[in-house]
Amino acid sequence: MPEPSVPLLRLSKVTKRFGAIRAVWNVDLEVSPGDSLAIFGPNGAGKTTLLRVIASLTQPTSGEIEFAFKGDNQSRNRVGYVSHLSLLYNELTGFENLLFYARLYGIKEAHDRADEMLAKMGLEGARNQRTGEYSRGMKQRLTLARALLHEPQLLLLDEPYTGLDQHGSRLFTEVLRVLKQEGRTILLVTHNLSEGLELCDRVMIQNRGELVFQGLGEHLDKAGFEELYFQAVEEGGN
Amino acid sequence: MNPIALTWVLVGKDLKIEYRSRQAYLTTVFFAILILVIFNFAFDPGSPATREAASGILWVALLFPGIIRLNRSFQVEMEEGTLYGLILSPADRGVLFLGKLLANWLFLMVVDLLVFLAFVIVYNFSFSTQLLWIVLLIVLFALGFSAVGTLLGAMVSTIRTREVLLPVLLFPIILPIILPAVSGTQEILLAQEIQSLNRSVELLVAFDLIYLAAGYLLFDYVVAD
Amino acid sequence: MSSPINTSWRVARLYLRIADWSLIPLYFLMVVALYGAFLYAPTEREMGDVQRIFYFHVGVAWNCFLAFFGVFLGGVAYLITRKRSWDHLAASCVEVGVVFTTMVLTTGPIWARPIWNTWWPWGDPRIMTTMVLWLIYVAYLMLRSSLPEGETKYKYCAVFGIIGFLDVPIVWFSIRWWRTIHPVVITSSGAELEPEMIHALLVSVIAMTVLCVTLVMLRMAMRLNSSMAEELTHS
Amino acid sequence: MNPIALTWVLVGKDLKIEYRSRQAYLTTVFFAILILVIFNFAFDPGSPATREAASGILWVALLFPGIIRLNRSFQVEMEEGTLYGLILSPADRGVLFLGKLLANWLFLMVVDLLVFLAFVIVYNFSFSTQLLWIVLLIVLFALGFSAVGTLLGAMVSTIRTREVLLPVLLFPIILPIILPAVSGTQEILLAQEIQSLNRSVELLVAFDLIYLAAGYLLFDYVVAD
Amino acid sequence: MPEPSVPLLRLSKVTKRFGAIRAVWNVDLEVSPGDSLAIFGPNGAGKTTLLRVIASLTQPTSGEIEFAFKGDNQSRNRVGYVSHLSLLYNELTGFENLLFYARLYGIKEAHDRADEMLAKMGLEGARNQRTGEYSRGMKQRLTLARALLHEPQLLLLDEPYTGLDQHGSRLFTEVLRVLKQEGRTILLVTHNLSEGLELCDRVMIQNRGELVFQGLGEHLDKAGFEELYFQAVEEGGN
């Protein structure tokens, strides 16, 4: 894993409340460039909310978030976000969607880039089909393509494997590997422990908003970690 | 990518989507025309009374497509969370505003002019160069309307009762542009000596500019919660 | 107790104190205003005693504008500083402003009935625009009540308050733009009123203004307290 | 579970949802009043022109909430595919139709009557037993409107070709109930000797029944594509 | 597995076309009461469409579908369907949603039933929260509760594990086991081969609308089947 450097992202005492519910509670977190961090946690633990806060899609109730991107400080075009929503226009075709986002991000040769990403996610076949008519997995593939389109430095992936078939997940795992080698920073939320452990250097467990465990992946074997996970979330999952 | 080009990318996207679902055009125009028919039915078109009320009727009919359009314009962005897609992009918020604004404006102009055409026919006004003044009023009104509407539309897009809330917020706000539009139109239709028409136009232009500025500056605050 | 709570606690107390202090002069001013309106000022020639409502009518009316300006101010300040207290100001001003506008919308008709012999001369732009002003800020209240508590709410309301205020100039100038039966007293050439009338008007305007400020202060204090309570329950 | 009870379960659900979308009612009412105020910019109530136009104004004002309501009513069912949930259930399609219909009807009647009240005040018509006739017209219209609306709403929410379908269908369908309503109201307001009012009512009743029957029978075909 | 009996469900030459796309192509299928059938296939293979056709949410372009439920032939209240959509009202709370459906299905003691199902899926905590505010996993749990509410004879499950956490998936697996023992019929669409093999007696693979493989689960080990799967869908996944 990359040598510790100035953190790319720092959260300090971040809290997000919805009325009485503490979706995110007192989260301190440092992510250095090149880190790959797997976030686990039971349903309703606050993982999605945490990512939304980091993506600055919603203001935290309290606490600070700092970015430190090399190059410009314009954080927005450095972040790639995969959410539970597809962020795609149902009325547009797969290609048109990617083309639109490519232009939005000011990518040169937008056409080529769009086609390239379609090929990468194995969607050439559905290039000119309305995304509204896509199957779930096809949509998910396009969602991933959209998020990776502008080669972001920081990837926020919220259950990216949802609905992907065998080919799809292998494909994406490959893509992630490459991105890691390129030294991109990855935050991966998933419910598949082994997957997360395999892909990421660091792991953390969130429960009821709080980070209840942080550690380095390499020290953990699947069985042992599962053990650990259940202990961590023992005191009442959701 | 330069702002102008970017704006057009946004506009192009919206227009393409609208084109894909033509319903939007037809329904809005249809309702507007229905209103004309209802009024036309309420009093006999020939009478002077009608002529007097005509401008009011026209503008009421024009409000319909406007509100429906605005509701739709952000509903599309909420369906799959694409609004977040826009917010996450490096595109300047002002540009996002202009993009939506222009799309709405273009859309409204097309629809409004169709309605106006129907209006002229239904109430058989004679086509004269005078009517071009009304077209001007419509265009100016549509601009201001889209400006405020886009701002407020983005604002209520996350609220559950948006369909109803939007008109409630919008209608009173746009008074400064609807008032001159109505009075201006009336003058033209009653073919009085055009005296205060210029002021109507001036007012419209002035407030269009104000709303544009306000929208451009404030849009950043209303997108993203 | 955490320190932010402490500070806001002190602020709330300050608001309340201001309100308290202003009460005495308020009572005094009110009495004087009544005296001025009903005894001191001479009876108007054409309209007779009905015209005396004029002093309150205008006093109140002018305060609508003041209150709504407060909304505007609070909105702008909030968007810049993101300080919750600015939102308190805006929200309180809206409430008071709406009340005052309602008063204009009642004193007006009361006046209108005898002299225009109609409660509600629809054609008149000033009257319509006042009505709309009222509608705008009632809409503001609806917007407030349909948003969940939080920064978003304050931001949205601030924005709406700012745009809404753009209409107030229209209300002011409407009498000059469109022909209206609504009298224009204060013109560029100065006011055409007898001196006693002007005095009475001034006093009642001041009295109403103090009333307006007091009410705003009370509402702000109330808001601050409730937001503190909210803080305490959640932390 | 017997059909009536079931129908009420459905109605209750819709009303609860409406109630949940906080302020929906209040806002809608405010909105309705707003419309009338807007109209008053258009034509000042004093003039004979307006008196003549009054019935037209009323009915256009009533159309606004109607459309918005219908749009919302099935949008709610599409959001998370709950419409499929209803279709999959053993509940008889006719009952599903009645449930939606009643919910829409109730909602519209509440709103419409409030609008009417505001209307009477704003245009200071004297309260007289005559006005009850208008209430009747409103209730009948609301019924027919909800019936057609519910049917078409269901249609547009599922069918892909809705774009062209909806307006084309709706226009000829609403006219037969709106025109008698308008003319009937006008007669009453202008306090002419009530001669053709009965026909208006008969027409409304007739078409209400037709629409109800049609809706009840056809609903099965429009839900589920 | 139960002795072969009169089929509960028979599809003959069922085809569903969307314009040029053959979502479902010439599917012949027999499902006996008590069968548990796992359906695999790449993204866009037509699994969801197949289930939609069976649920009669959409008419097939051609072909027959016959049900044979013992008791009444009123098939609708015998089918439980979990789709990609949640079929829940965002404005209603979890409890209200279940209560509504319970009543819709004419269940006695609707209240108790609703609470029972909430407890079963571990959602007591979110009983009175609007489902619109649920997290993805919580929503999925409620979706499952909704589908099982009326104790259907035939279960159509389209990727039911989506978004479920460790507890959730274990919980649901347990539930499925019980349902199997009760002799209910299950059609399970999933991308997780081992999961499917483990849970179901029969497996089939769909590719480009066609059923390219049918077999009995017990004869297959995970590794071998994966092999087989990739061969089956070899000739071009999507």
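The first chain written gets the first letter, and so on, giving A, B, C, D and E; residue counts start at 1 in each chain.
The working rule: a contact is a pair of C-beta atoms (placed from the backbone, for glycine too) under 8 Å apart; a residue touches a chain by one contact, two chains touch by 3 or more.
Please read these numbers as outputs of a predicted model, since none were measured by experiment.
Counting steps between touching chains, the shortest path from chain A to chain D takes 2. In this assembly, E is the chain whose CA centroid lies farthest from the centroid of chain C. For the pairs A-B and C-D, the count of C-beta pairs in contact is higher at A-B.
When you average the Cα atoms of each chain and compare centres, the chain farthest from chain D turns out to be A. Centre-to-centre separation of chain C and chain D, using mean CA positions: 39 Å. One inter-chain figure worth recording: chain A and chain C are separated by 50 Å, centre to centre, where each centre is the mean of the chain's CA atoms. In terms of their C-alpha centroids, the spacing between chain B and chain D amounts to 25 Å. Centre to centre, using the average C-alpha position, chain B and chain C are separated by 32 Å. Residue positions of chain E touching 2 or more other chains: 91. Counting only residues that touch two or more partner chains, chain C has 132, 135, 139, 142, 146, 150, 152.
Listed for chain B are residues 21, 160-161, 165, 168, 171-172, 175, 179, 225, each touching two or more other chains. Across the complex, chain E is touched by residues 1, 6, 9-10, 13, 16-17, 20-21, 76, 79-82, 84-91, 224-225 of chain D. Touching chain B in their complex are the following residues of chain A: 55-59, 74, 76-77, 79, 81, 83, 85-92, 96, 100-101, 103-106, 130, 146. Taken together, the chain C residues at the contact with chain B in this complex read 79, 125, 129, 132, 135-136, 139, 142-143, 146-147, 150, 152, 155-156, 158-160, 162-164, 166-167, 170, 177-178. Partner chain A is touched in their complex by these residues of chain E: 18, 21, 41-45, 48, 84, 122, 125-126, 129, 133-138, 140-141, 159, 162-169, 191, 193, 226, 229-230, 233, 237-238.
In the complex of the two chains, the chain D residues touching chain C come out as 22-23, 26-27, 30, 34, 37, 40-41, 44-46.
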